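For reference, chains read A, B, C and D in written order, and residue numbers begin at 1 within each chain.
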Amino acid sequence: MTKATTPVLELKSVSRLFEGIRAVDNVSLKLYAGEIVGLIGPNGAGKTTLVNLISGFLSVSSGDVIFDGASITHKKPHVIAQSGIARTFQIVQPFAKMTVLENVMAGAIYAGHRGMVQARDKAIECLEFTKLAHLKDMPASELALANRKRLELAKSLAMNPRVLMLDEVNAGLNSSEIDEAIRMIRSIAATGITIVVIEHLMRVVTALAERTVVLHHGAVASEGPTDEVMRDPKVIEAYLGNKFAQRFAETSGAPVARPA
Amino acid sequence: MIIDRAFALKIAFGVLLFACGAGLSAVLDNYYLQVGTTLAMLCALCWAWNIVGGYMGYPALCMISFFGIGAYAGGIAQAAGVSESLAWLIAAGVGALFALLLGVPLLRLKGHYFAVGTIASVEVLREVANNWEQLTGGAVGLNLPIHAGSPDEVGRFFYLAMLGLAFLAFLITALVDRTKFGFGLRCIRQNEQAASMVGIDVFKYKVGAFVLTGVLGAATGAIYASMVAFLEPKDAFNLIMTIEIPVMVMLGGMGTIFGPLIGGVSYVILKEFVWAYFINWHSGILGLIVVTVIYFLPVGVLGLTWRDIFKKLGASKSTRPATSDIARSTS
Amino acid sequence: MISQYIVNGLLTGGLYACLAVGFSLVWGVLNVVNMLHGSMVVLGAYFCLYGVQQLGLPLYAVAPVACVILFVFGYAIQRGLLNRVITQPILITLTLTFGLDLIVNNLIIHVFSATPQSLVTNFGTIEFAGVRVPVVRVGGMLVAVVLTLVLYWLLRHSKIGRAIIAVRMDRHAAALMGIRIPHIYALTFGIGAFMAGAAGCAMALIYPVTPMMSGVFLGKAFVICVLGGLGSVPGAIIGGLVLGVVEGLGTLTLGQQWATSVGFIMMMAVIVLFPTGIMGKKGYE
Amino acid sequence: MKTTTSIIAALSFAALSAAPVLAQETIKLGAPLALTGPLADAGAKSKQGYDICVSAVNDKGGVDVGGKKMKLELVEYDYQSETNRAVQIVQRLINVDKVPFLLSPYGSGDTKATAVVAERYGVPMVAAAAATKSVFDQKFQNLFGVLFPNDMITEAEVAYYKKHVPSVKRVAVLALNSLFPKAIAGEMVKSATGAGLDVVFNTTYSPDTSDFSNVLTQIKGLNPDWIYATGYTQDLILIRRQMADLGLEVKVLTMTAGPSYPEFKENVKSLAENVTTNSWWHQNANYSDNYLFGSSLKYNEAFNAKFKRDATYLEAAATAACQTLAMAIEEAKSTSADAVRKVLHEKTFNTFYGPIHYGQLGQNEVNAALVMQIQNDKLLVLAPENLKQGELQIGVPKK
């Protein structure tokens, strides 16, 4: 996948203050079409806040968010969603009493800009892709966790996104489910959709992301190709604290962050 | 718009029902026409409320504000010499405007605050109608020109007018049930944040639904005003009705096409029955009906399945809400 | 003259506070808008009237009994009926209490009739710097305010009170800490009913009571609760006094016919202008 | 189709339709009554008034219609104090029960709303509890009102106080914001101004008012000689008590219609002394009645025998409404609406209630306004002169 010269999504010195605390501190980022970018960082590093800022759920205190050449900084969430930025929630938020099919249709109708009938076709397509088609008439609330995560994925996919932000889409899944998810995410990216993977699981990030951004205390601690970032002592320190960084250095010789 | 067989059947059934209703006007005597008019009026109000209360899931307790605003707007227009049909249109327009003015601030609120804000609107409007004498005639009331014609003609005219409006409300509900707009309202009912995430302009949709409800409510009020030809604040802004309408819809099934009809009709029958046999206890028994509806039919007649009934029986054994339920209700 | 208005407002406001505190507590802790509250106040008033007029007992003996009966009534209603639907959407709880209100009010009309009744007492008036203050009103208000303050103290300092506050802040966490939520809910509702009973007794001394007054009482409770903040006991006192004075000033400036609407308009303004709560507290939901 | 209709009808109004099939020989009077809801108390009183009329007429054999004796029958339904319902019931009475004559629901507002229907069908309707002129200003041909207009009451009162308490100059008027109280208060202001009195205060209060201390403080500051207050009885009770609380003293305190009812005295005790009221009727104003009861006092005796209490103007007016209908039918020798309507418009009926003349406008034109005062726990007639039972006591007790 060749990288286009102009980024799809660009953050310019984005900050967000919560009662004086900088939850996101001067973050600048460029995302290009079709790439998978990992966004990692310890708990409370500001990953979800950053996603909320991009998707418009929180307003930016300072800085600028550029999507497709135009500023979306103070746009409302639904406008951002319609323009092609989709996200999943860390804690899944399905329309609990609607069926699986209806949930995915919701994505296809409004952000996907489709009529009801086309939306249904698109939704079935997305459900087939995420292997949920056989559950399409089940109420979303009755799905098992792994399927709920997939439902979020299917819903986002139905939105025809150009940027897809997956907030801990693999948390709580078992090993084979994760493998399945990785395969799906890869094939989504292959269609040209830019994917941001927010993860705790290093294994997923190393398997998926070409490039990784590390947040620490709301600021970018490190950024670059994933394997390089993983070796960055600053990252290991941010993640595991000083002691662990030293111990890692002692035991393995080379400081590499292994899947946790 | 997805039109499947079940939906087509429903619509066909509805159209048939209304056609029968219209046909009945030829044979019914005046009293039953009046009863039919009242039923049609209540059903129109139920359908109107169902958009905001059922599909969108907002506890709007201002149905009678819309009704009263429409009654007074139509009444004042007619008293000023405007023709009846034009007055009804004006009333619908005023209803839309009022719903917009009320909805924009109130729809930012959720839950009880929304409910309380809407119910307060009834109180405030009644006092405004009571005190703004130059416009509304105040407590002395407002006289409207009396619709000319023999009693039979007049009775049939208002029956058909109210039935026509109920039919309109029914069609709008059918549309809401099947279109992007209504689908969006259902998403909003489930989860507003997720709704905006999939690209729904939540606020615009909410205001839109509120205005739709307002227009229908106000039109109903205007026809009512022309029919009784005399308006009083306490009659136009009847606080009990503002809660009765949601109860009727709950009884029939919220967020369904036929729920308002079933609820409206069965509530009226129940009420008549109670009222005829238990005059002195009627309000208490109505209360009992309300309580029963909530315990046994929280999803309405239309939402009831056997599975639900068994679940209910099983669940009622434990009075203690599970921790998970509590957590859900707070999240 | 203005001082007389202020005093009138404060005297009425004290009663309002007592009227609203139970309602506010129930709303704040249980997230239930208790449409039954007005009828519970009326019920309290009729219990007092019955005890004093029919049984010939002194008021100070009857009033506590009336309050306790209401407490039991409230506890039973919550435990037996409301707890089962407490997790449902608010339209359900609101309509349920409305239905209960219809039942209770109908029962009151049957048992006590719709004719206005009141305790006629004559404790005279105090005159101070041109301001006249009827003793019975001061007494009613003092009892109301003292009871409210006692409730406040109990909430802060008793074990059950702290449990109630814990539940109000975070039911989930409270449940995890082993607090029996259904019991606490029922207790809270019982306390709300107890305070309604106390307010009713005070009302019986001052107003000719009819079953139809329940709606008026409920309306006041709504306004005060929103003004003072959900579940806040001191808020109810402040809200009550503010409403009393504002109604008085409304009479003076707009005319008596607007006096009751002023409260509702103020309430609507508050919920629209401060959608996150007047005290800046989160959770209008 | 016809069967479907009746099934639906039977289903939805099963209970209502259970009214007995009637013999040909009765004259049905349709009566929408407020037996439940906020007007329940007044509604029950109206019913007692109608009932005593019907039983008295039937006891003497019925109405003589051109030599044929026909009994009266009351067809009544509760309209729950709701206007919409009252309108619906009048429709029912006319179409289903086929009543040839109607008695109106309670109060000016509901009377007005239902009069539209009666007018449309040409069914004569006699209103027992509507005194407001605006009810009759639509020139309906089928609406008749027993209570003479409010302004006759206020004129009589103003004249009486002007004569007996010449020092009364400043009047304060406080009325419930509702059709009847507001209308009578308006007439009071007109009468007082017309008589050269100074109306220093005139305002309405909303139906949900729970406290009058502020408005009374305002009135106190204006130092009136005469306070005229009108509204629900419980409001008047509270006003009287709060007047005492605030030390508001006046020469004359008039309240409508609270002092006429026993609960007023029970709830204010000694404060009721010297409160005056006005009324359309009292048994002590003893008119003779050759048709039914004999006289006002005898009417009250009959009422007392049946209901164990005295009649007030409300029940008396209800009885009179029914009685004038019976008298008109007898005079017309027919139960046809046209014939009876004509008699109702033209004849003067001499009843225990006093002479009643509906005239072309339909509202009783005979002024028999009573000024009354509570003295030593009793309600005495002060005026008119020929019925006088006592002298006016000036001033009201402080506590």
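In this section, contacts are C-beta pairs under 8 Å (C-beta built on N, C-alpha and C of every residue); 3 or more make two chains touch, one makes a residue touch a chain.
The structure presented is a predicted model; accordingly, all values stated were derived computationally and were not measured.
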Problem - Reaching subunit B from subunit A through chains that touch each other, fewest steps - result: 1
Fill in the blank from the handout: Between B-D and C-D, more contacting C-beta pairs sit at B-D
Fill in the blank from the handout: Outermost chain relative to subunit B, judged by CA means, is A
Exercise for the section: Grab the C-alpha centre of each chain and report whichever is closest to the global C-alpha centre. Expected result: B
Fill in the blank from the handout: Whole-Å distance, C-alpha centre of subunit C to that of subunit D, is 37
Exercise for the section: Averaged over CA atoms, how far is the centre of subunit A from the centre of subunit C? Could you give it in whole Å? Expected result: 50
Practice task
Just give me the whole-number Å value for how far the CA centre of subunit A lies from that of subunit D.
Solution key: 76
Handout entry: Residue numbers of subunit C (touch at least two other chains)
Key = 215, 219, 257-258, 260-261
Handout entry: Where subunit B touches two or more other chains, by residue
Key = 127, 130-131, 280, 282-283
Exercise for the section: For subunit A, jot down the residues that touch at least 2 other chains. Expected result: none
Problem - Interchain pairs in contact, sorted by label - result: A-B, B-C, B-D, C-D
Problem - Contact set on subunit B toward subunit D in their complex - result: 23-24, 27-32, 34-35, 38-39, 127, 130-131, 138-141, 143, 146, 150-151, 154-155, 224, 228-230, 232, 234-235, 238, 265, 268-269, 272-273, 275-277, 279-280, 282-283
Fill in the blank from the handout: As the complex stands, subunit C meets subunit B at residues 27, 31, 33, 79-81, 83-92, 94-96, 98-107, 110, 170-172, 175-176, 181-182, 215, 219, 222, 226, 257-258, 260-261, 264-265, 267-268, 271-272, 275, 284-285
Practice task
Using the touch rule from the top, collect the residues of subunit C that touch subunit D in their complex.
Solution key: 1, 4-5, 8-9, 11-12, 109, 114-118, 120, 122, 124-125, 127, 132, 134, 137, 207-208, 210, 212-213, 215-217, 219-220, 247-248, 251-252, 255-261
Problem - subunit C-touching residues of subunit B, taken from the complex the two chains share - result: 53, 57, 59, 105-106, 108-113, 115-117, 120-121, 123-124, 127-128, 130-131, 239, 243, 246-247, 250, 280-284, 286-291, 294-295, 298, 316, 319-321, 323, 325-330
Problem - List of subunit D residues in touch with subunit B within their complex - result: 1-2, 4-5, 8-9, 11-16, 18, 35-36, 78, 80, 82-84, 87-88, 91-92, 94-96, 109, 112-113, 116-117, 119-121, 132, 134, 138, 177-179, 182-183, 204, 206-207
